Structure formats: C-alpha cells, structure tokens
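One chain, subunit A, links the two complexes that follow: it is found with subunit B in the first and with subunit C in the second.
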Partner chain A sequence: MATVIVNGKEIEIGDDERLNGIQVARRAGVDVPHYCWHPGLSVVASCRMCLVETGRRDPATGEISMMPKVVPGCQTPATDNTVFVTDSDKVKAARAMVEEDLLIRHPIDCPICDKAGECALQDYHFKHGREERRADLKPFTSRRRPMGDTVTLFVDRCVMCTRCVRFTREITGTAELMVINRGSHEEIDIFPGYPLDNKMSGNVVDLCPVGALGDKDFLYSQRVWFMKSHDGVCAGCSTGCSIKIEENQDRIYRLKPRENRHVNQWWMCDEGRYGFKYVHNAERQIQPTVFTAEGATAVEWPEAQSHLHNLLKNSPKLAVVVSPFLTVEEAFMLCKLAKQADPDSILALGPVPQSGQDESFANGFTIRAEKCPNRRGVEKVIGHFAGQTTSFEDFVANTDCSSLDAVWVTGGYPQDWMTTDQATKLSAAGQLIVQDIFTSPAWEVASVRLPGVAFAEREGSYVNASDRLQSFEWAIRPPAGAMMEGRLYWNLLGEMGMYDAQRIRQMVAREIAFFAPAAGEIPAEGVDLRINQFAQTNSEVTA
Partner chain B sequence: MKANDKRIDWVEEPKLGLAGRMYLPLILGGLTTTSKHLVSPKVTVSYPDQEPEIGNPLIYRGVHRLNKDEQGRVKCVACFLCATACPAHCIDIIGVESPWPDREKYPESFVIDELRCIFCGMCEEACPVDAIELTSLYNLTGRSREEMIFDKEKLLSVYDATKDKEPMKSTQLGGTV
Partner chain C sequence: MAEFEPVLLANINRPNSFTRKEYEATGGYQSWKKVLSMDRNDVIDIVKSSNLRGRGGAGFPTGLKWTFLPKDHPGPIYFCLNADESEPGTFNNRILMEQDPHQVLEGLMISSYATRTSTAYIYLRYEYPGCNKRLQDAIDECYAAGYLGDNIQGSGYSLNIYIHQGAAAYICGEETGLIESIEGKRAWPRIKPPFPAIEGVFRKPTVVNNVETVACVKHILDRGADWFKSMGVPADPNNPRDAGSYGPKLYCLSGHVEKPGCYEAPLGLTARQLIEDFGGGCWKGRSVKAVIPGGISMGLLGPDELDCPLDFAGPGKYGCLGLGTAAAVVIDDQTSIVDFLHNSARFFAHESCGQCTPCREGTSWALKMLNRIKAGRGRLKDLDLLAEIGDTIGIIPGTTICGLSDGAAWPIKNAIKKFRGEFEHYIKRTNPDGYMVTDPVPVFETTAH
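Right, the complex of A and B next:
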C-alpha cells in the first residue's frame, strides 16, 4: 500500500495502481481543473490548468520537502509519500493566470455557443478565473470551418488542448486532425482533401472541453440546459455501449457515450450516435388494430388485451418469434405467456441483422456486425423454455404454419427485417399477431397489429456480445398509441400494478442459471454474467 | 427556532388608555383621511375616453418588441436566455444557422404567447444583445387566443411602430448598441 498526501489528507492507493495527481486528488474528494488530460488519452501536460504543488515526505523522519515550482498534476505520478497541495495561494494564482491567458483571445459568444452550460472554460472561469477582464481585446465572433461531414470547428474558441488530435491518432488511428502553425497562431486543422471521416468522429465533440468542435447534427438544435440526461444502452449493435440519452419533452436530441471500462470505455461509434433518428420517424405505427372476417377494427389497448387474452386461450398450437430487440425481461414474459397457452409452443429467435464485419480499434473498442442489442439474452431465455434456440430462417423454412392456430411475431427493427415470402408463409397460421414499430410485410398481412416501442422507450436489460447484462429505464415516453412490449406481457400475465422490470429480472435470475449474477442491483456498468462460470468449471473438475 | 432563542426580542402588547378603548381618536383619524381625499385632485382617468399617462417608458413593462440592427435584421441571436429566464414559459424560439456571414445563429421563429406572459421583464434583463424589450404599449387586446400569440414578424412590427417614440433602451441605459 502506498500512501499519498493530498492537502494534508492521507490517501491509500493500491500497489499496482498507476495514478496521477488529478486522479489521486479525486479520490480525496478534491477536483483539480484540467483541459488537456483525459483518462483515455496520452498525457501532454500542455494546458497547464492542473498545476499543483508537489513534494515528498521523508518516510524516516516524516519531514516534508516541497518543490519550489508548481507542476502539472496530470504528469506527476502518485507514488508512496508523494505530497500534493491543490489549494494553496500559489496554485490558485497559477490557475487564475492560465484561465486569463486562455480567455485573452477567446470570443465571448457564449450566448450562441452550443457548449455553453457544459463548457469547462465557463465553469473553471467562474471557479478559478479573475473577476474582470484586463485585456482590451474583445472578440465576439469565431471563424468556422468544417472538419468533415459530422464535425465543424469554431477556430477561435479552441484552447489547444489537442484532445481531438490525440484521439484520432491514438484511438481511431486515422490521424486526420493536426495542429497547424506555431505559438499563438496554433490552430486545429485537417490536411486539405482528407476530412475527418472515421467511424468514431463524433467522439471529438464530446472530448472538446470548450465549444470549438461542434456536432453538425446537434448544432443549434437545443440548449444543453433544457435537456434531461438518462442512462441507457445503445441498441445499434451487440457491443451495447453505455450511453446517455439526452432528451427534452420526449424528443431525443443527442446520444453521448457514458464511461464504462468493461464495454466502451469513453467512446461510441457514429452509427450508434446518429442512429436514433428512427425513434422519431413519422412512419411509426401507433394504432392497435384487430382484423376479423368483418374487416379491420381500430381498438384501444384494453380491448386489444382482452382480444389477445381470448386468442391465446383458444390457441392450442402456438409459435412465437422473439425479437433480439426485446429486453431479457420482455423475452422471458413472452415465452412464459406462450408456454402457458401451449406447453409445446415453438419459440424462435427473430432475424439477427448482420452488416459487414466486426471492426476493432486500437484500444479494443469494437463495432459489431450484429446490428441488434440482445441476441445473447433472448437466446438464453428461449433456450431455457424450449431447450434449444430455433433461428427465424429455420423456423420459417421447417414449420408448416397452417398447422398452427396462432403465430406471434415481435419486431422493433429500425430497418427492413423480413421478406414478403416469409410473411406469406407466416400468414398461413390461423392468427398472425405482429408487434412492431414500422410496417413490414408481416404487418401488412397480420390479423392483430400491435404498435411496439423503440430502444429509448423501453425498460429492462440487454445482454451484449460478451455476456454483460446492463439494465436501463425508459428515457422518453413512446408516441401516444404505442405500448411498451413489457407492459403488454405484464398485463397479459395478470401481474398487478405497473410494469416492474426489476421484479421480472429477479424472477429470471432465479429461474435461469445463466442470469443468476443479475439477481441483485445492477450497477451502472452492468454485470458480467460469466462471473460464475470459472467457479462452475472448477467445481466440475473437482467433482 | 425555539421560544427561548436569544435572538428573539419579546415585546409586550401596549396597554390601551381610555381614549384608545373608546375608539374615538381612530374614527376621527379615518374621517380626516376620507375628507382630505374628497377635496384633493383626482388620480383616476376615465379610460378609454381619456388615456392614462405612462410615467417613465424606460421602466414600463408593456407589449414586447424585437429590435432590429442597423441593417434592418433582427438583433436576436437565438441564445434562448429569455426563454430560460421566463417564469411563465411563454417564449418559444427555433434557432438555426444564420444566412448572414457576420452572424452565426438567428431565430427562424420567435413566438411569445402574450396571454401567458406575466410582464415581469426578466426576458429583457436576460437578453445579452438587447434584442427583446418591453414597450410602453399597455392596451393589448385581441379577439381570439391565436391573435395574442405574437410571432417574429409581429414583434418586429411592434418595433417599427414604437421605435420613433421609444428609442432602444440600450442606448439610454448603457447596454450594447
């Protein structure tokens, strides 16, 4: 155990931990302001905002000798007997000086800057800066130039922390961004003809501590203080990045990555970041409809529920297609419903969309080819109820649907997910119940249409490709008329009160061994469901 | 706070004398005030035949206007600070990139629901470019709710109608011009 002293307080750190002054101060509950340092990037110590006083304590005598100068905290390793002082007058004066220096040429266009409200320069200026501006320079506008299709640069707002440059060099390895010119003429730029167009380009906007890099998609669409942030999980691919869903009045304005060292570190890909638009597509289906011999009837949800209740009761032969967009809880309830109605019912996994190849980046971040969030979870649930998992293609090819009384198909795919031939085969069943967000060939021939919800409107848990279960709550309400799949199954199962995903998850954890680690509270970074597997193999070996 | 707190000063209710118990001095005092007002000059006006006088138009809080810059463009930069400050949530702005090279952002739409507004003046206080101001127009009427929802064009036309009588407050109060 190494002991580090921060502002007179002794902090114990592990022997194998390599922390710098900023990290160790954070453990002591002290915030050291910084621009250029980021835990995911290399250290350059160029912004000088994290200047602290440092020294050593003699382990024998306990005497402390301090360095005469202030040093950057991000570059000073915290070793045994290191002393950090972050609140002395010397440090405060240094911070005020750096802050004043950064603001000499920084345009005062905060009212139109998208970063205002979450800007490190603003926050640190209020906390550490001078009260008055001594410079007679008062720029109000910033030059602007595009960096690529997704990002635009406000040149004069930049504080030259070079986080974006290091990101493109160290994380994506594409190195599109660079620093041009020298001294006070330094600017971020691209080489002519080589714009910033990698698959993670949106991250540089999150990395930017000031308003220099703007997200073209989000630019001017909403002030940040109007939005509420909800923790969520990206449904774009089976990596299942931890994200923040930022919305105002049930409209999503942007997605941002949430730190999760086990899944996505600090990043997310552009496909996921900008891929939420379908949630607000005007084509979303919002009218539950029942088709009988007399024709189509638009129904309210209570009627639809009683209709489904009777339908399930009178369907001795049933098949269910469980979409990999459903949460674990929803899949569990749907399978349970099916097994209650028909103990021999066929359970199939919905189509698993694939696109391209898995793409890995230098730091291990992977964009998966499997474009759905919960294949693993749904597979395991189906495996529990049916013994084995049937794929959608096999199900359609090998099952004679005309021998079935009802087929229940769940969708929720942002893109096309079934062919007309498949839909025709499914429609041979007595009743075809389709739950989806958009029209599809199956929706067209369905006998019961149930509008479902998209990822941000769902509540439950997803299991990603490496068997990590992450729970989330809904961020926005679905459009009027659509109902969360989980709520419908909950009502059909005859459960009392409001849909409670947590209770279902605990039930799943009790019943299915694979989900056993998810019985308790799920932390923000999720639970590794393979945590018990070593123990199992070990006990098998000893047995 | 407890009853025995040292910071509390306990005061006894004063005892009434004979005059006080008879109420006579107080009745006489009241009658004096009444009779003074009977002979003093009138402060009410018979509106609408007669228009009331607005004291200082600089601090009067009537209908809003959106100021224009020297080139006749809307001064507003769509920063949403007025909408943020508004306690009645009556301001609705859509900000987009501006079509002019010297400006970054401008309001594509700027709507104030005058029926919802409580005329507190927080919007003009919050405005960093002195684009929104409250004029001394007090007789705001309309035949329908829709008519009372003022859009950008209407707010700019209020500026045109009042700019001669009431120059921009910012020049007189030392704000940005």
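Right, the complex of A and C next:
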C-alpha cells in the first residue's frame, strides 16, 4: 500500500494503482477543478486549471519538503509519500488566474448558451474565480460554424482544452478535428470538406467542458436545469451502454453516456444517442383492443386483463414468442405465465435484428451488429423453462400454428421486425395476442392487441453481449394507454401491489443458476454474470 | 582581452570560407578523423570536463545532457541540431551556418558520434534560405568526401544528416516543440518528464543541442578541455548549483550602437565592455537607457546595471532571466520604454503557441493593455495588472509547460519594475483625464428620479 497525503489527510492507494493528483484528491473528497484532463484521453496538462502544490514526505523523518512552484495535478503521479496541497493561497491564486484568463475572450453569453447550468467554466468561476472582471476588453465576435451533421461549434466559447481533438485522434482514430492558428487566435476546426462524421461524433459534445461544441439535435430544445436525469441502459445494440436519460415531463431530450469501465467507458455511439426518437413517435399504439366474432372492441386495461386471464385458462396449447427487447424479469414472468397455462407450451426467442458488423474502437468500445439489448438474458430464461431456445424463424417454419389455441407474440422493436408471411402463419392459431409499440403485420391480424412500452419506459435488467447484467428503473411514463409489459404479467400472475422488478430479479437469481450473481443489489456498473459460470458451462464462457 | 584569439569566427572572413577545401586548409575535419578511432565515452568525458554549457539559452551542461541517454539502448537515438534561431536580436548561428557551415557540421558529427546517433536532423528556421543552401552544399561535400554516410572512413560508424526546415514559428526553438515539429505535428511543447533524452523524436531517445554548442564541441576536441576552461568565469564556490561559465561566446550586439555585429569573446564580459570595447559606444553620442542582456526574453538591464557580467549567472543577479543567447540589444535614451515593451508584447502575443492558458491569454491581454496605453487610454492600474501577468506566467511560477512563456513574462516584469516612473509619466501625459480611473467597467449613469 502506498500512502498519499492530500491536504494533510492520509489516503491509502493500491500498489498497482496509477493515479494522478486529481484522482487521488477525489478519493480524499477534494475536487480539483480541471478542463483538459479526461480519464479516457491522453494527458496534455495545458489548461492549467488543476494546478496544485506538491511535495514529498521523507518516510524516515516524516519531514515534508514542498516544491517551490505549482504543478498540474493531472500530470503529477501519486506515489508513496507524495504530498498534495489543493487549498493553499498559491493554488487559489493560480486557479483564479486561469479562470480570469479563460474569461478574457469568452463571450459570457450564458443566458443563450445551452451549456449553462452544467458548464465547468461557469461552475469553476463561481467557485474559484474572481469577483470582478479586470479585463475591460471587447471580448468576442460570436461566431458559429458547423463541424458536421451532428455538432456545431461556438468559436468564442472554446477554452482550448483540446479534449475533442484528442477524442477524434485517440478514440475514433478519424482525426477530423484540429487546432488552427496560434496563440489567442486559436480555434478548433475541421479540414475543409472533411466534416466530423464518425459514428461516435456526439461524444465530443459531452467532452466539451464549456458550451463551445453544441449538439445540433439538442440545441435550444431544453434548459438543462429543467431536465431530470435517470440512469438507464441503451437498448440500441447488445453492448448495452450505461446511459443517462434526460427528460422533462415524460419527454426525452437527450441521452448521455454514463461512465462504466466494464461496458462503454465514457462513450456511446451516435446511433444510440440519437436513436431514442421512436419513443415519442406519434404512431405509437396506445389502445388495447380485443377482436371477437362481433368485431373489434376497444377495452380498458382491467377488461383486457380479465380477457387474457380467461384466454390463458382456456388455452391448453400455447406458444410464446419472447422479444429480446423485454427485460429479464419480464421474460421470466411471461414464460412462467405460459408454463402455468400449458406446461408443454412452446417458448421461442423473438427475432434478433442484425445490422452490419461489430465495430470496435480504441479502449475496447464496440458497436454491435446485434441491434437488441437483451438476447442473452431472454435466451437464458427460455433455456431455463424450455430446456433449449428456439429461434423465431425455426418456430415459424416448424410449428403448425393451427394446432395451437393461442400464440402470444411480444415485440417492442423500433424497426420492422416480421414479414407478412410470418404473420399469416401465426394467425392460424386460435388466438393471436400481440404486444407491441408500433403496428406490424402481426398486429394487423391479431385477435388481442396490447400496446407495450419502449426502452426508457421499462424497468428491469438487461444482459449484454458479454453477460453483464445491468438494472435500471423507468425514466419516463409511457403514453396513456400503453402498459409496461412487466406490470401486465405481474397482474396476470396474481401478484399483489405494485410491480416490483427487484423482487422478480431476486426470484430469477434463485431459480436460474446463470443469474445467481444478480441476487443482491446491482451496482451502477452492473454485475458480471460470468463470475460463477466457470463450473457449469465452461465452453460457453470461452465462446 | 588582447590575448584572446577568436576560434568560432576565425575563418568567417576568408574567401570561400564555406567550402570544404577552404575549411580543410585551416585544419578542418582533423578532429573528426581522430574522433572516429576514439572511444565514445572518452569524447563525452572530454566534453564533460570542459564544463561546456548549452549556448541555446538555458545553459544546461552539454556533457551531462548526453549522459542522460539510456545506456545500451537497442533502437535508434536521434540528434536534433536546434538551428531555429528565432530569439529577437540573435544572429550568431546564422553567421556560423552561412560562413562556416563545415565547422558546424564537424561539431555535429563529433556530437553524434559521442551520443551513438546515426541520424541527425538540423532543424533550420524557414527564414534562413541562405543557411539552408550553404549547409546542404556542405553536407553534399561531406558525403562526397566520405565524412558522412555508411561506414565512415572504415570505422564502422554510419551517420546521415538531414535538414528539416521549420515553418517560421518561435515555439519550434523549444526543444520538445522542435521535436513535435520534426514529427510533422503542431509544435506544441510536450510535458516533461519524460525528457527528450529518454523519449524524444519518434518516441526515441534524442539529444537536442544548439548550433553554437556543437561548434564549441569541435574546438574542445581540437584544443582540449583545459584550453576551453582557461577562458570565462569559474563557478561560484558559494553556489553549488552554479556550473561556471567557460569558453568563448558569440555575442550579438545590435540596437543603438555605433558598430553592431557578432563578436566573439570569453564569457564574463560586462555589458559595458561589450558596448564600449566592441560596439564603439552608444550611437550618435547618446547614452544607454537599457540593454537587453541576451535576447528579448531575458528582460532588461537598466542604465545603472551595465556592469552586469554577461555570463550564465550574471544577468540573473540583476533581475533578468539569464544569459539567453547573449544577444545584447542596446536602447538609447531617446527611445520610449513603452514602445519597447509594446513591441516585445506584440511579438510574444503573436508567437505564443497557445497551448497553456496563462501564456495564451496573458500575452494577448498584455498586448491589448499596451495597445490601449499607447493609444492614450492607459490607466495607472494597468501597470499593476501588467506586473501581475509578468509574475504569474512561466515555468518558474509553474503555470506553463515550457520556458518560453517565462521569456514573454520577463520583459514585462523588468520594464515595469525598472522603468515604472516612465510608464506612469507616459500614462499621465497621454491620458490626463482618465489615468486614475479604477473602475474596470464603464459605469452608465442612470437618470435620477
């Protein structure tokens, strides 16, 4: 163990930990302001906001000798007996100087800046800046220019931390952004004709500590202090990035990546970031409907539930298609329902959408070709109940639906997910129950239509492609008329009270060995389900 | 003084001094041939015992720098010759490269041999096309004569020298900025450590030395370390960090003197001696108001500080940054120090690379304030702000990555400190109504109700 002293407080760090001054101060509960340093990017130590005093303690005598000058915390490694002082007058003066310098040419247009409220320049100025402005200069020119289809640059707001430049060089490797000019005329720019158009471009907006890089999608749509942030998991592909869903009054305004070293580091792809729009699509289905010989009847949910209850009771032969968009808990309850109604019921995995190839970036961030969040989880649940997993295609091809009393199909796909032929085959069953968010060929021929919910409206757990289970709560309420699948199954199972995904997850963890590590509290970065899998399915783990 | 024989400038006035033939006629390349059979460590030991300190500005002991290279490094080691001579007032490298390029090349070859380098880059500033031609011709002659290339003179040692022209940026004179520039990147100085001796050009160990430094190496090998140590100022025994100032130095004298030029003299000459003995005194019978001791970034010596010895330790004792490039610029008593500082601030605001916030913003802020003072809208409080900028930027307070921002700070600091009265007088004279205004933001009067 190495001991580091931060502001007189001793901090123990592991021998193999390589921390810098900022990180070690954070452990001591001290926030060192910084702009250019980012844990996912190289260190340039150019903003000079993280200036601290440092020194060494003599391990024998305990005597501390300090360096005469300030040093950047981001560049100073914390080793045994390193001393950091972050609250001396010298440090305060240095921070005030940097903050004052950065504001000399800054337009201070916070009232019309999207970043206001979550801006490092603003926050640090309130905390570390000077009260009065001594530079009575005409500061700015208010120029704005596009960097690409997703990002726009407000030139004068930039503090030249170069995080965005380093991101495009080190993470995506596309290097679209660069610094032009010199000295106080420096600007971020692109090479003419080569816009910022990589698949991760939106991240530069998150990286920007000030309001210089604006997200064209989010620009001027909402003040950040009006939005509430909810931890969620992206449903765009089977990477399952940890995200923050930011909404106001049940409308999502933007998604942001949430740090998770095991899944997405600090990033997310543009596809996921801007892919939430379907949640607010006006085409969303919101009317539960029951079709009988007399025709269509629009029903309320209690009626729909009793109808389903009777229907399941009177369906000795049943098949269920479990969508990979359902959570583990929902899949578990649906399979349980099916097995209660018909112990020999057929359980099939819903279609798994594929698009292109897996694409990996530096640090191991991957955009997967599998465009659904929970294939692994649903597969394991079905495997538990049915012994083996049947794919949707096999199910449709090999099953004579006319021999079945009922088929229950779950959807939730943002894109088209089945063909008219498949729907026709399914409709041969006595009853076709379809739970989906948009119309589909199956929805058209269904005898019971149940509007479901989209990803931000769900609650439960997803298992990503590398068997990491992440739990999340709903961020927004579904449109009136749609009901979370989990709530419906909960009610049909006769459970009392409000739908409690956590209770179901604990039940799943008890019943299915694969999910055993998920029995306790799920931390923000999720749980690796492979932890105790080696004894059972070694071959699967290595594959 | 009388017994001193110039060595670095000995041949520059000979006709065709830049050709190999003429150079060899004066004993050139003898050391190179001799060195090729010597042990590398012996060469380094000779340079070390001569106490040669870098001539580029910082005065770091050259032999010591060479020993920082990793021992038994398997891959390539690079040598960068810093010929990006862009400090205002400095032109000694230019004279060496234009008039006696073989002297520089021989020094470079010996230094490369000593540091086990087989590739050397000459980082030449863009503004020296004459040097470029002379150096390239000299290199071609050396290849033709077998002094460069593979297996030189059958010694088994190979050396290639390339000229890399910069694109005219002051920052490329900073050694890690130079390295980035050679790599084809924006010349933003790197954070240290690692120092170039461990990780430099293309992430390989690298030595960066000044043109005049390697020229001195040649003469040390010619004449021995004792000859070199017979000149200059010995180390101050009371200061363990003082390495002494030995050897000849090229002083560039410019500004308001009768005979400006590049003069060679042993280190330790005082500013007065340089101006009086070499420069023929201040021009037009005027008196000296200020002297820049070694390039504009070193600050200013006042009229009562002319006895400052121009060695590595001297200017520091008079509040200047150091000896720098020993380029003395003389300012006469009819020149406004406000104009001087404005010109200096304009240079540094233009040349700040813009990487570190304090230098990028501080230099341009200082320029804007000086613009305003010159325009007759200065206020006395601006002087305090200027002094504060001068005190807070640079690696000495620790607020920037490279030392060039100290160079930007020192003229401001010295000028305000040593000539404050003149600034105050100027501001009061040009802004008689507003010089005492203290409120930074103009106050708009509202109608009383």
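Observations, loosely collected:
Everything below uses one rule, namely that the second predicted complex is superposed on the first by the 529 of 543 C-alpha atoms of A that agree within 3 Å, B and C clash if a C-alpha of one lies under 4 Å from a C-alpha of the other, contacts with A are read in each partner's own complex, and residues count from 1 in each chain.
As a working rule, a contact is a pair of C-beta atoms (placed from the backbone, for glycine too) under 8 Å apart; a residue touches a chain by one contact, two chains touch by 3 or more.
As the structure is a prediction and not an experimental result, all values here were calculated from the model.
Once subunit A is used to superpose the two complexes, subunit B occupies space next to subunit C without a clash.
Applying the stated contact rule after C-alpha superposition, one finds that A:K92 touches neither subunit B nor subunit C.
Once the two complexes are laid over each other on the shared chain, residue contacts for A:P111 go to subunit B alone; subunit C is not touched. On the chain A superposition, the C-alpha centres give an angle at subunit A of 90° between subunit B and subunit C, rounded to a multiple of 10. Of the two partners, subunit B and subunit C, it is C that touches more residues of subunit A. Judged by the touch definition given at the top, the superposed model places A:R143 against neither subunit B nor subunit C.
In the superposed model, A:K69 lies in contact with subunit C only, and not with subunit B. Looking at the shared chain after the overlay, A:W225 reaches subunit B, while subunit C stays out of its contact range. Fitting both structures onto chain A leaves subunit B and subunit C with a minimum C-alpha separation of 5 Å.
Listing the residues of subunit C that touch subunit A in their complex gives 169, 186, 188, 191, 349-358, 360-365, 368, 385, 392, 395-401, 440-442. The part of subunit B that touches subunit A in the complex is made up of residues 77-81, 84, 95-97, 102, 104-105, 128-129.
Subunit A makes touch with subunit B in their complex at residues 109, 111-112, 141-142, 144, 219-220, 223, 225-226. By the touch criterion given at the top, residues 43-49, 51, 67, 69-72, 75, 93-94, 97-98, 101-102, 104-105, 132-137, 159-160, 178-179, 181-186 of subunit A touch subunit C in their complex.
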